[in-house]
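Just below sit the structures, each encoded as structure tokens.
You will see chain A twice below: alongside chain B first, and alongside chain C after that.
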Partner chain A sequence: MNPGPQIQFYLFGNELFPITDTLIVGWVSVIIILLGAKYLTSQLSIRPNGKQNIAEFMIELIYQQIEPMLPGEGWRFLPFIATIFIYIGVGNLIGVVPGVTSPTGDLNTTLGLALVVFIVVQYEGMREYGVWGYIKGFAEPVIFLLPINVIGELAKPISHSFRLFGNIVGGGIIITLIYQAAPALIPVPLHAWFGVFVGAIQALIFGMVAIAYISVAKS
Partner chain B sequence: MIEFTPEVANTVITTASYVAAGAAMMAGMGPGIGMGFAAGKATSAVRRQPEARGPIITTMLLGQVISASTGIYSLVIAIFLIYGI
Partner chain C sequence: MVNINTTMLWQLFNFFVLLFLLRKFLYSPVKEILDKRAAQINGDLDDAEARRKEAEEIKAEYEQKLKNAHTEAQEIVDKAETRANKKAKNIINEAEEKAENLKAKKLEEIEQAKKEAAAELRDSIANYTVLAANKLIREQLDENKHQQMIMDFIDDLDKEELGELR
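Let's turn to the complex of A and B:
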């Protein structure tokens, strides 16, 4: 039983481009998000109707998470953070469908997202203090702490990506084991717990930690 | 000095890495205790100031996430031990 992504076929028949099941489900969730966004924003008006209320509610919910930690820059970071929230949320919740692997249960997905967050954090720190000022910030308060600070900075994307990956894969392994022991009825509450609850919490946490890293780099 | 055949040596290494992976996941105890402690403190804080529920839960989640990092590192090491050999 290998819990990792399974290779389905090769793009162009070339061994350099393996297409895994998590990648396919990732594309499907992107299409779901695109169609959902198209549908929710198809009839925008000054006086919101049902669909527009849902979209505005989601956007304001995410905005209210960003604004207290990055005062005055909520709208600037909203597209980035909302993308993380919505993509990881859909990617986690799509794993509830039996036989579908979550795209976030693949280290390639989570490490890619964590590296994007890492680059944004470095860029924001340099934008705030200047390139030299930001690099000099690692050698504070004393120069001897420089290696520890650098290692601590490099450990951020690792713990950030493995947190999501470990939670989703761990839940998947437990559900697979239960399926082998008791295939009927018993896995249903476990799907509710590991799929819906842990998935939603982990999507929230991934976005919150991204906001916190940006906020730490700017302060 | 006893000479082992490569098969025996590989079996011993695989067995040892599985046992070590199990032992590494004992590090899950620490984050569990710490996160439960943070949740308990947050509960009493909400009980004292129910109007500050939102910020308290956000702060609690962030602190729990940082303290869960040690457990994540042990998970990384366990995964390397199982699949990296």
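Let's turn to the complex of A and C:
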């Protein structure tokens, strides 16, 4: 047994471009999300109908998470944060389908997203305090804390990405083990637990932590 | 299990494509419709407020008008009453005057008639008296009796206070 992403084939036969199952599922997730978004927003009107309510509810729910942490900038960060929420949420939940590996069960996905968040955090910090002012902030309150602060900052994307990756992969490993060890009675609720509940929670955590990092860099 | 390779770039590509397309198909339209709705609700509320104010103004205006109309109506009624009273008084006065005049005229006529009647009566009586006297005298007065009467008269004069004519 080899948990984690499985290489399906190589693009152009080049070993530099492996195509894993997680990547394929990632593409499927993107297509599902786009079709869903297209469907939910196909007939927008001032008086909302059923599916428009779902879209508005989702957008406003995410907005309500951002606005208290980043006052006045909810709508500016909404596309970024909401895409994280939606992509990771769908990527996690799609793992409930038997035989499908979550794209978030691949460190390439989670670390990539965490690095994007890291870059956004640095950019927002410099935007708020200026480049020099932001860098100087690492040497506060006293200069010898500088290395610790820098390491703490660099640890953020690592903890950020490994938290999600570990939860999803760990859940998958546990389910696989129990499927092998126990009859089909127990794994179904367990699979639902790891797939739906942990998946939703981890998507929420990843997004909230991204908001928190940006908020910390700006304060 | 932990193997970092070029699929990270693919996943980032996925993410940014998704970000771009969702912004175009989900966030912007929903934001737009939310803003539009908020603007419309705001507009409606403002409109309602304005209409309420307008209605209040109109109400106040109409109340004022109604009050004015009441006052005016009262004035008209008062005026009419006064005029009617005056007219009635005039009519009564006129009637009284007329009646007075008529009465006076009638009284005068009656007086006149009375006078005329009295004068006529007096004339008649005088005539009849003269006639009766003439007749009596003609019947009864012969020379002797005449003589006697004159004499009696003179005697009466003598017997009483002579010279004192009564």
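Everything that follows uses one rule, which is that the second predicted complex is superposed on the first by the 218 of 219 C-alpha atoms of A that agree within 3 Å, B and C clash if a C-alpha of one lies under 4 Å from a C-alpha of the other, contacts with A are read in each partner's own complex, and residues count from 1 in each chain.
Quick note on the criterion: a contact is a pair of C-beta atoms (placed from the backbone, for glycine too) under 8 Å apart; a residue touches a chain by one contact, two chains touch by 3 or more.
These numbers come from a predicted model, not from an experiment.
Colleague: Have a look at where A:A212 lands relative to chain B and chain C in the superposition and call it first, second, both or neither.
Modeller: Only chain B; A:A212 stays clear of chain C.
Colleague: Touch test for A:L204: chain B only (first), chain C only (second), both, or neither?
Modeller: first
Colleague: Touching A:G26, do we find chain B (first), chain C (second), both, or neither?
Modeller: In the superposed model, A:G26 contacts chain C only, not chain B.
Colleague: Residues of chain A touched: more by chain B or chain C?
Modeller: C
Colleague: Taking the superposition as given, does A:E124 touch the first partner, chain B, the second, chain C, both, or neither?
Modeller: Touch status of A:E124: no partner.
Colleague: Could you list which residues of chain A make contact with chain B in one structure and with chain C in the other?
Modeller: Overlap of chain B and chain C footprints on chain A: residues 4.
Colleague: Which part of chain B faces chain A closely enough to touch in the complex?
Modeller: 55, 58, 61-62, 65, 68-69, 72-73, 75-76, 83
Colleague: Okay, in this complex, where on chain A does chain C touch?
Modeller: Touch residues, chain A against chain C: 2-5, 16-20, 22-23, 26-27, 30, 33-34, 37-38, 40-41, 44-46, 48, 52, 55-56, 59-60, 75, 78-80, 82-83, 86-87, 103, 106-109, 111-113, 116, 169.
Colleague: Going by the contact rule at the top, pick out the chain A residues touching chain B in the complex.
Modeller: Touching chain B from chain A are residues 4, 65, 68, 155, 158-159, 162-163, 166, 170, 204-205, 208-209, 212.
Colleague: Flag every residue of chain C that touches chain A in the complex, lowest number first.
Modeller: Where chain C meets chain A, its residues are 1-12, 14-15, 17-19, 21-23, 25-27, 29-34, 36-37, 40.
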